[in-house]
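Two complexes, one shared chain (chain A), two partners (chain B, chain C).
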Partner chain A sequence: MSGLAGLLGTFLLLAFAVFAGGGFSRGRALWTLSLFAHLLAWAGFLVVVLGLYAKSAGGAATVYSPLILPANQWSAAAAFLWDFPSAALSLAACSVAVSFHFIARDLLDRSRATVASLAGYLFCILGSLGSDHPLLFCVFFAGTMVPRMVFAGMDSHESRIETVKETAFLFTVALFSLLVCMLAFAEPFRGTLDSWFKISGGEWVVPPGSLGLCLLLLAASISAGIFPFHGNARKIFRMGEIERAAPLALQPLVGFGLLFRFGLASFPREFTTFGSFFLGFFAIGIAYCAAGFAGARSARDRVFWLQQVLSCFVAVGFFSLSVKGWHGAEVLLFFECMVVPFLLFVLACHERRQAMPSVKELGRYPAFALSTALAALFALFLPVSVGFYGALLVAWSLVGRFHWPLPFVVLSMPLIAFAGVRIMYFQLGEPAKSASSSEGFTDLRRDELIAIFPLGLMLLFLGLIPRLLMGPIGVSVSGALRSMGIVD
Partner chain B sequence: MPLSELIVGFTIFLQGALLVVPRASVVRRGVEILALAGLGAAALKLAFSLGLPSGEHTFAMLDDQAIFRLPRAALIFSSLLLVRMASTTRELPEGRKPEVIFLITVLTFVCDLLILSRHGTLSMILLVLSTWTGFFLGGLAYRGRAEGEAVLKFWVQASVSLTLGFGAIVMISLVAGGAHLDIIAEYMKGQAAYSPRSLLVVIGLFLPFLMAGGFFPFHFVSIDRDHGLPWTVQTALSVTFQGAIAVAAWKVGVSVFGQSSREGVSEGMRVLQYCGLIGGFWLALFALSQVNSKRLFSAFVGAHWSAVLAAGALPTLLSATAIVYALSAIFVWSAMLGFVWSRFQEWAGSEEISAVYGAAKEFRTSGLILLLALASPLCLPGFPGFPSILHLLAAVIEQKSLSFLALEAALLSLLCLSGIRIGTDLLFRLSPGSTKRAGPSEFFCYGALDWGVILSVGAALLTAGFFCHPILRSLTQSAATFLR
Partner chain C sequence: MNADQLLLLVYLLLPFAAAFVPLGVRSGGLLSKGTSATAVRILILLALARGVVSLAGSVAVKTSLLHGYPLEILLTLNTFRYGFLVVAEFCFLLAHWMCPVSVPNEGLIRTLVCFAQGFCSLLLLSDNSVTTGGFLLMAGVVLFYLIRFSVPDKEEEIGAVVSARVHVLFFLLGLLMIAWGVTEFGSRDLVFGRATGSGLGLNLWLALVVLSIPLPPWSRWFSHAMEHLPEGVVLTLVTFLSGLALKAASLFNVSYPDLGWKQKLLLYVLGVIGCGFSVAGLFGAANQRRMLSCLPGFFFSIVLVSLGVSQKGLVLSAYFSCLFVPVLTGLALSAAAVADRGSLQRLFVGLLFALVMGVPGTPVYQIFSGIGARSLDLGVAYTTSFGLLWFFYFSTNVHICRRFFIDREAPSGERSVALPDGARAIFAGYGIFLLFLLIAVAQVAGRLL
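On to the complex of A and B.
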């Protein structure tokens, strides 16, 4: 039942994307239909999450969908399989898409391509989160390119065209890396690798596993937009209407989904050998991004660096190859895909207002003040946000095992807290705007309220009762790692 | 003779008969309807006989292999778009359009026969015939100096192809004892790898194909040759002509060198692979730097043909399936790309791509058709490009060579970059010269015939993309017969 709900939630969006692209409806009617379709998808994944949640006490944490989708002639049994973390992430992505309808109502009203792209993009993200076969994952991964191009390119200035091209080209490189990696290590080639990669007369042979690992990491880091490809991700935050970046902020789900689901399973020996190296690398990355976060001059940059900090934390948790680390990383990934769009929505509300009130006047605009306070609360990693527990678990997974990366992670925390304080009021650091008069300033409109508060309250609720989210994720993660022979 | 060939041949006969009728309007409409009906019927016949066994119509010189029915169907499908292009374009004089449509049908027929051919002499005759048909097409489009230069270059190429082709086939016949592909293959089995005699056969057999098709080392020929020709002729030459030669060259390579008793990649297929790789890189890089749309289109499509040839050096079941599927896909999407791109350029009255910046956003229906055409080279799932790339990479992985794998992946990435560039320029860029563009919007009003052709070709693209699994399975079964 819940497997069917997941399939319905995923493929309904594809049907709607085709409908919207076909031009059968326009304007407000299309917006309403789009909202309805996304709400149905959200409800579908709510059913999946609740189904898994009910079963998690008994230890079963997966749903096998009845759909068999042959992706090519080698994989006759490609199917969808949702475990609790992927179902929770799917639900979070659907929530962001539903909220996006309200914050970007005008945009969706006037651009049919954006409506179709949103549905198509979410379909691909949900499909990639549910894919249980690497080649099926590749299909959904490839599908995200055009919606990404549309989000980054439509209504853009001339200077952004190069960004669109760069993004698309990097994406193509990631796709080809992934295809080669998945093909080379799938049937019918698996088992004959040793003789494949001879450079000249067999004198120097590239270890196939390390080559596969490099290709996989290249694909994952490009699609997640983390170092060394963070520059391209940063350009996304520079578009005219910042709310347009919110769906693109879900992209790390695909990159990390690839790592969590297929990385360790495909290359267990290589990850065990090189894992500590990458862990140290991303631990330094946390410190670097925290410094960038603290030193950022604009609100957009702060959101970008916060996203990078979170991505680095997730990477560190993943490479720790421990239950605690993976548990924390999965929780942080959920937090990241909710909080970054939330911050972008709040930022969009700020940027829409020409005149800004001073900090003293904020009390006169309660909704505005509350949204800003919530944004600061989440950016500070306070114990009332689920991000705190995720970061704690990741840091804890390093204790006693990885000595030298730990100081980088611990020392980064004050920097993040300092930067989080600055995010409390987005316009701080932009004196020209904050000094202007607050005349004509209005509190959040109804659409903005509907977009921001459900996300914010859901994050707050999960932060106050973290067991709701963290319990089933922990069960699922420990089960998955145990099946791969890893126990704490 | 296969039924599809008979249908196209009969269509040509009827068109020829109609061309002598003095009433121009009747002739033009009649020739076009005949071409669409005949080509459509032949393409459907081929598409529905994909799963039927090979060899129903095998003669001494022609070989109806089931594996080549898909590219033949794709070739004929793409000609439907060419016929519509010829009919609606303003680049061709009205009075010459029936002749152009007639010649496009003839070119399709000759190219289809070229794919069927299993005899060296017949292949050379068909190669020369198709070159001359292209030459006549260029001549019919004559309006001024630009077309005149193109026709002159074409004449030079046709003459060289004629000399080279027949010289080569005489030489091979003397060396191998015959020009039938089976005889040459038998001869090759007795030769040492990379011996002077085997290299002589390789050069003699492939050089005419490479020359006529504009593949490395003659990769610059087609772009220079086609420069100045109308879009319809340009697309016919880049898609039908060049594509058929690519398929035929690969078929000849596999038939003669693929069945060699030696293990690994044979010298003939290796040469074809190098030609594909070098020419592909040259054309892909050339495409990136082009501002002239016709040259960009020619290089873009040519690089795709070369990239596929570069992947198919090892004739195995997987490789044969991959190559045939990828070549078939290119026929259809490249014809569609030429169809819609030409309208943008004609509307702008310029050959520069900067004149049509953002035009696809302005005219949404045409923009959608452009996206439909570009979806395949951009590897989007649901379109034939994604399974093509997947299988091409697998075919190269089968060769167990890291360097070739890296080169092929780099070439395909460059081609994707070119596709991205075309897509972003036509979709997102703001036009700097929008005031200059005074072209009528009638260019983007599609009639019933246009819609019929677009929908049938679009449906073929989507069917090949979404239902790639049964098609690939059928191809694999046919490949087993072909390779045996």
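On to the complex of A and C.
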């Protein structure tokens, strides 16, 4: 039952994307249908999450889906499988998409391509989160490229064509890497590797597993838009209308989904051998991105660097190859896919207003003040958000095991505190703008309230009672790692 | 859950519940949601007295934040903490009364004072290191907004600087507490206990203690806050900082009873430097508020001095200092508000200076006698240093008395509490009550601990 609800939630969006792209409906009617479709998808994943929660947190909802090459034994096993973390991430992604309908109502009213791209993009993300087969994942992974290019191409500030070309190039590289990796290191070609990397009559030139690991990591880091491949990801934060960046901010789900689901399972020996190097690399990345966060001059940059910090934390947690680290990383991934769109929505509300009220006048605009205060609380990893617990578990997983990367992780936190000061001044936007008169300033409109507060309150609620989300994720992660022979 | 635990739970949650009650201010600020909640909290503390003080027991409430990890909220009320909380609650009551009225964001300020009050008790009672760090992180945000919203318009820039410093300081303290907890107790249950003795853990604790105390000359934000913020907010801030200093100092007993002499010397030297700068600041103060702001700095520094000369077991001088600082600040601010009006007010001011001078039986006497006795044990250098400290402290009190009561042109405050006509006598009466309460609590604590 749960599996079918997940399948329905995923493929309904594909059907709607085709419908919207076909031009059967336009304007407000299309917006209403789109909202309805996304709400249905959200409800589908709510059923999955509740089903898993009620059954047992360590369980999984599986639907075998013989969609690809059923004649072949390997591909006949293609299935959708939702464990608790992937179902929770899918639900979070759907929540963001539903909220997006309200914050970007005008945009969706006037642009049919945006409506179709949103549905198509979410379909691909949900599909990649649910895929339990590498080939199925590749299909969805490839699918994310088109709507992403549509989003980026329609509204980039500077040189749209260049942005689209760059995005297309990077994705092609990532997809190619992934396909080679999957075909070479998974069935049906796994047994033929002996002859692939041999010079005739000579020694091994490349240890095959290491090459596969590099290809996989290249694909994952490009698709997640993570340091050091963050240049292209930054462009989405420079769009004319910042709310359009919110769906694209879900992109790390795809990259990290690949790592968590197929990474360690495909290359256990290589990850164990080289994991600590990558962990150190991303620990330095955390410090670098935190410095970027502290030094950011614009609010958009601030949100971008915060996303990078979160992504690096997730990567460090992953490479710690421990239950604690993975638990923290999965929680942070959930937090990231909720909080970055939330911050973008709040920022969009700021940017729509020509002037900011002074601190003394904030009492007159309670919704605005509360939304910005929530943004500050979440951006600083304070204990009212699950981000705090995720970061804590990741850092804790390093104690006693990885001595030199730990200081980078710990020292980056004060930088985040410094960076957060400006947000706490209710100056998510530009300082010059904040100093201006507040004449004509209005509190949040109804659409903005509906877009912002459900997300914010859900994050707050989960942060105040973290075991609701983190308990089942912990059980699931622990089970998954145990099945791969890793126990803390 | 027994009745005591239920009472403790209500006590802890009350300020947070009160913060969300949309209740207006009555009687010129004397009756508000904050004062009502505080009055109930005091009653609850009195109800808990039998179990905690008479029977020398403890009451604990516990809830798990996350299954599978020792992340839990563990709050324990014992005799040691009880004494401070009683005094702190009465100070918070005064702080609620002194909150500014008829100013922009008045409701927000009162709500944030409630939050600060709630976090103060949570911080003091918390026994899990990570949760304690979490409370510090949250308290930083609360104090940031409290300062931000309460600073007057003309001092906007100072308010911005002070609030930013407080936020960063508390963020660092929270991180240090979490890092220390994970380093020292991560292999156990994260609950404060005997430290494993790692060098990193010890250094983290030292940093935690030093940063917990607004130590002159590195704490200009504290002097600015004392000078420029409204009285109610100042008292809230000082009470919170006293709780924090007590928490940090009390961890010494729990985790490092055998602290090395080098670490103790470091704390002692920093404390003496802080005392010296406080005294110098007091002599050079231009106005009443600035002068009064130096005294809490002095007693905060005394906490480090007492840790520096400590031997083993409980550091009573540090405990008395932390008890004394919020009351002293509250009384000084009250005295500034009610000075030279009627016989009750004069009696209050006279008693206040008797308290500050260190008449035997008062906490100041207990503080100095404790440090003095240990200084004599430690040799001539410590004894000389202690003698100088006491001499300068005595001189500052003479200086304050002279400036306030003898000089023709007494130093004037830049602002005082906007009290209604009948409230000055109430403030004076409450001040006298607070004086005797402090002495009583200090005497009981001196015998029980």
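Basically, the second predicted complex is superposed on the first by the 454 of 488 C-alpha atoms of A that agree within 3 Å, B and C clash if a C-alpha of one lies under 4 Å from a C-alpha of the other, contacts with A are read in each partner's own complex, and residues count from 1 in each chain.
Here is the rule we use: contacts are C-beta pairs under 8 Å (C-beta built on N, C-alpha and C of every residue); 3 or more make two chains touch, one makes a residue touch a chain.
Predicted model only: the values in this text are computed from it and were never measured.
Upon superposition of the two complexes on chain A, no clash is found between chain B and chain C, which fit side by side.
Look at A:V164: by the touch rule set out above, it reaches chain B but stays clear of chain C.
Of the two partner chains, chain B is the only one touched by A:T172; chain C is not. In the superposed model, A:L468 lies in contact with neither chain B nor chain C. Nearest C-alpha atoms belonging to chain B and chain C sit 42 Å apart in the superposition, given in whole angstrom. Only residues 21, 23, 70, 72-73, 135, 138-140, 142-143, 145-146, 149, 153-154, 156, 158, 161, 164-165, 168-169, 172-173, 175-176, 179-180, 183-184, 189, 195-199, 206, 211 of chain A touch chain B when the two sit together in their complex. Contact residues on chain C toward chain A in their complex (touch as defined above): 64-69, 71, 104-105, 107-108, 130, 134-135, 137-138, 141, 144-145, 148-149, 153, 160, 164, 167-168, 171-172, 175, 178-179, 182-183, 186-187.
Contact residues of chain A toward chain C in the complex are 324, 359-363, 373, 376-377, 380, 382-384, 388-389, 392-393, 395-396, 399-400, 410, 413-414, 417-418, 420-421, 424-425, 466-467, 470-471, 474-475, 478. Note for the complex: chain B touches chain A at residues 321, 364, 368, 371, 375, 378-382, 386-387, 389-391, 393-394, 397-398, 400, 402-403, 405, 409, 412-413, 416-417, 420-421, 423-425, 427-430, 468-469, 472-473, 476.
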